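Each remark here refers to the structure printed beneath this line.
Order of writing sets the chain letters: A, B, C and D. Residues in each chain are counted from 1.
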Amino acid sequence: MSSSFGQLFTITTFGESHGPAVGVVVDGMPPGIVVDAADIQRELDRRRPGQSALTTQRQEADRVEVLSGLFEGTTLGTPIAMLVRNSDARSQDYDKLKDVFRPGHADYSTFQKYGVRDHRGGGRSSGRETVGRVAAGALAKTALRTVGVTIVGGTVRVGSVVATRRDWAEVERNPVRTPDAAAAADMAKVIAAAREARDSVGGVVEVVATGVPPGWGDPTMAKLDALLGAAMLSIPATKGVEIGGGFGMAALHGSETNDVFDGARYLTNHAGGISGGISNGADVVVRVAVRPATSIGKPQTAAAKGGGTTTIAIEGRHDPCICPRVVPVAESMMAITLVNAWLRQRALRGRER
Amino acid sequence: MSSSFGQLFTITTFGESHGPAVGVVVDGMPPGIVVDAADIQRELDRRRPGQSALTTQRQEADRVEVLSGLFEGTTLGTPIAMLVRNSDARSQDYDKLKDVFRPGHADYSTFQKYGVRDHRGGGRSSGRETVGRVAAGALAKTALRTVGVTIVGGTVRVGSVVATRRDWAEVERNPVRTPDAAAAADMAKVIAAAREARDSVGGVVEVVATGVPPGWGDPTMAKLDALLGAAMLSIPATKGVEIGGGFGMAALHGSETNDVFDGARYLTNHAGGISGGISNGADVVVRVAVRPATSIGKPQTAAAKGGGTTTIAIEGRHDPCICPRVVPVAESMMAITLVNAWLRQRALRGRER
Amino acid sequence: MSSSFGQLFTITTFGESHGPAVGVVVDGMPPGIVVDAADIQRELDRRRPGQSALTTQRQEADRVEVLSGLFEGTTLGTPIAMLVRNSDARSQDYDKLKDVFRPGHADYSTFQKYGVRDHRGGGRSSGRETVGRVAAGALAKTALRTVGVTIVGGTVRVGSVVATRRDWAEVERNPVRTPDAAAAADMAKVIAAAREARDSVGGVVEVVATGVPPGWGDPTMAKLDALLGAAMLSIPATKGVEIGGGFGMAALHGSETNDVFDGARYLTNHAGGISGGISNGADVVVRVAVRPATSIGKPQTAAAKGGGTTTIAIEGRHDPCICPRVVPVAESMMAITLVNAWLRQRALRGRER
Amino acid sequence: MSSSFGQLFTITTFGESHGPAVGVVVDGMPPGIVVDAADIQRELDRRRPGQSALTTQRQEADRVEVLSGLFEGTTLGTPIAMLVRNSDARSQDYDKLKDVFRPGHADYSTFQKYGVRDHRGGGRSSGRETVGRVAAGALAKTALRTVGVTIVGGTVRVGSVVATRRDWAEVERNPVRTPDAAAAADMAKVIAAAREARDSVGGVVEVVATGVPPGWGDPTMAKLDALLGAAMLSIPATKGVEIGGGFGMAALHGSETNDVFDGARYLTNHAGGISGGISNGADVVVRVAVRPATSIGKPQTAAAKGGGTTTIAIEGRHDPCICPRVVPVAESMMAITLVNAWLRQRALRGRER
């Protein structure tokens, strides 16, 4: 079940980047929830390539087809399978890469694992696999809204430009998807410079859930922190995750980081809404480190399949900064994680609260 | 199965901090491996309280009893249950905390989750739960050694003191358990100062696995990064995890972070030994953010069970910095994660490599 | 994950009987195995309605489309998604059943469970869901052949007619799919009589795996008997399963049922190839009780959705005896179960034997 | 996780028959339920050897120790670990069996699986492993009683003597544990005769759950039938399971087996309380085929470890008929299965009904 995530609301994605299709089966969506297919499409459009000058120019319409689980617009409680055809797979871009392991990519590790691989692209390691996650995430968000939980996300760092504001309404108004309107232009410049240099640049994405009641998550192995950590680090190109104060707390004292709670609300939120692995009623705050995209046009030294090294320059059409497109994926993985924690708590107590 | 971790080598811990015992069942240990019970005890002694002036003075002998799964010193391939009695549970220290939710602790979230709790201590959220993890980790390390994988770990930051060297042989020679002998004294000072101020301080722990062959881990949901992320963030008091370059890569370019691999070895290791979720043959490197201990003697404002707030000063005997004792736990969780990835790869290919 | 089966070779089916499509995602197929899509289609054709006068006349071409996981005819080790469109959904047959709970069907229990249902047919409870199982089973059989395991199956009882021979080559030569050529005509008569009476009749299906080496299966909860039991009883319309001597052993003594094994082969096989939950090297033999189809034309008293009862006669086109079409499904579920036990044993030992 | 059963209420058993102890960890018991340790002990006493002349004379006090998960007699919602020491392991009885594979036992298959085994007894395959199941089952029964579900069980066949009545109050009044007082003496005679002949005899055990509301169980892979099938066939010495009409329905017509439901109650119960895998409100009825005990005193031909055959007569102290002691185990496995289905339905709907 290495392509599945979640125990009660389980998503299983399928599809290679250059195969016939990508998609997902969502098993465990609660019954009786009205689903608007346009909501799913809208989320996919946020993830879609070719949205702006800052993202890859690969063109994919990414129209979703819902194959099961809905009847007259309402969830049946049965698996919801969703399919997106791969329409613009320019495999010829990849032919010259058949016998080389691209630097930073999963080419070598994949070949060592399976002894066989589809050299035409990243296969399962491609960001294209996240189509299924975002479609599933749209359902998860819809389900969470029925209990008052909403999720927002945005790019909070690109290169050395750090967002200092969290105005979530700004996110869809700039192509970087940052909640800090003042930082958006600088971030865009950093990305454009990387593109011009045939290079790429890293960043940080933050996702926040509001309305999560206290009691979701478990105290030991299934801490909400741990589940969110797995969710985020399963997203391609992520190499770090932190909850609330995260790594910044390493430099602080307990008297500074113990959140002040007056019984009704939290005056601080170093814990990122999770105490002892269980939601405490404050906003759940997660940040994800996004490495620079591995596909760059600059010439690089690479290992050849037969041994030795060669020099390659990756042509194709690639993202100079993945952050804007990671945002809907990170939101989706957070939503999927939270739906699981919610349903698990319902199993434990037999009621919503 | 919220107290279980791992699909093929599964550990299930049990026990409250102030109940009769803590322990673990390890299901999936391969058969025919010679196990020295002294190895298990040695790891538990590294985790044990009261080791030095830098850790809590709570005294627990923490003698492990192996209840099953071994026959004449060799693993049978059946579940290995291990038990440690709680001998020094001074519950009276906690009586005054019955009707108050300690700041930073899981008291409130636990009560909201279950509607009931053992107020005498952290219960399952206590660091005492990690006894079972460390016992299981000793077995995981033993299993990994049979295929040439070894794991080391240490404290690489305390407060603002950062270790710049990785001399792993130093770790057990200083009470902070840092691999940087030059930084050890400064780290110890920071901890002592925190203790004196009836406060606590945070830090960072790093764990490294050497000898991991390429091919462990999966490309999507069960990325080795994701499994390690869940493993680390399931440890009490951790609030962040990063693999290889981690958050530092946010500020870099792809031309800097794409690791140079000549087909035989890696000249850099920004990926932390994992490409596309699959081990690539380089060392697997993980860092964990450890928040300052939540139990501090300084007076704090706390929420009262019945509503409103009160002031408390937590007496008891607590760790001013948890890092030294997190080290064996983080090593254990890494070992358990890697055994699972190893066995999974054996299932896939039917052979060791 | 209630629509998934198997831990290492996991199938997840989706689709309602009267929705757009049915299908399956197979996660865990080993890499590097050559797959002939015609093999998958051939198995689906064995399950397909309208094969003979003994089965339903519902016409479905049931053409399978493979969406992922194959590259140049070889498995990649990644999820294999397969899709079959529903082409002949005559939903109008069901409109009159909107407000009635058909006797023997899952209509009432489904409605109670979900609070909503697709009244146009059996939904997920329909035999149509088994399309995905058979497509997955074809892959499982292909994988098992690489290690010398083959699976056969047939109808061994219809009504009171019991097959006394096991000539598996006969199975595809008669529409009842019985391995006893002498009994085939009598069985067909019983089925025809049931059809004529607008009724249905039950039976028993047997599946046998040869070539299973000793060592597959686990000693306690994951006994091979238990996994096969779950596999078989997850097939629609099955209400019993027995391994080897099964219920017949209730009347015997240990001196009769302890199989005689000379170290090389078994002279008897009361254990059905499984000792203590683990394969012992003999053929694995499983029988499944198949209840009479619940859809019958005879007038019946049924509960009405609003309360009280009504009389209904189910029109539509239905199977008077399900056994012939259960055969490929039972074979598939056995194959899927055995692939899991095989891969699990590879994980345990790191080699084929 | 081959020693675990259940996804939401998970039991994990441990312990070899001749090791230091056997036990279980129960993870997922709902919080806030009052548990009387005497209830657990009472169930263990029903399973205990040496209860009557009809069972093995092996003496085990089987005193249970609860190690965690309870606080002031109430469940915390955390794992409940329970331990029973092995006190009467007369290993010398087994020394002569070191180099022989006992007929009907798991000796050979276990050795093939693991390459190593504890020859002193059945190890994990021993009936002694069921101690943990019964302790866990006592908790499951306690939990089910809070929602009005009760479970009874008894021996309904021994050899060719079949119980025709279901007077469950009779079960604990006769050593065979049959609900048919009139058949009890004949059954006892059959068992005594088998013992006298140094042989053993098979039988059938039935378990029934009353009060199960409609809606428990899932429509495809996790059918309640399938889960119960796995539960029952995971019990040592079982080789068949049937739900409701079971194999008897093979000979009937749909017009006979479609249960008549008037919207309020069922006039017949061929479905055994489960329609399409989901409970329908009628009693859930399961029968289990119990093979004759494999340990018999009669001389038998057996395979020798080094090759060839030898003759053995198993001394020790064994049960001539396992049925009376299987009863509490089968009840326990049914209870554990139903708790899982119950909690799963709570997750789906967020309320009890």
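Methods note: a contact is a pair of C-beta atoms (placed from the backbone, for glycine too) under 8 Å apart; a residue touches a chain by one contact, two chains touch by 3 or more.
Remember, it's a predicted structure, so these values are computed and weren't measured experimentally.
One of A-B, B-D or A-D repeats the interface of B-C: more than half of the contact pairs, counted by residue number, are shared by A-D.
Comparing chain pairs C-D and A-C, the larger number of C-beta contacts belongs to C-D.
For this pair, chain C with chain D, the centres built from the Cα atoms lie 26 Å apart.
Computed centre separation for the pair chain A/chain C is 38 angstrom, with centres defined by C-alpha atoms.
Shown for chain B are the residues that touch two or more other chains, namely 1-4, 7, 13, 31, 77-78, 113-115, 123-124, 219, 344, 348-349. Taken as a contact graph, the chains are fully connected, with every chain touching every other chain. The touching residues of chain C, when paired with chain B in their complex, are 7-8, 30-31, 77-78, 219, 343-344, 346-352. Chain B contributes residues 1-4, 7, 10, 12-16, 19-23, 25, 27-28, 31-32, 65-71, 74-81, 83, 113-118, 123-124 to its touches with chain D in the complex. Within the complex, the chain B residues that touch chain A are 1-5, 7, 13, 101, 103-106, 108-110, 112-115, 122-125, 129, 157-160, 194, 197, 199-204, 213-223, 225-234, 236, 238-247, 249-263, 270-272, 274-281, 289-296, 298, 300-304, 307-309, 344-345, 348-349.
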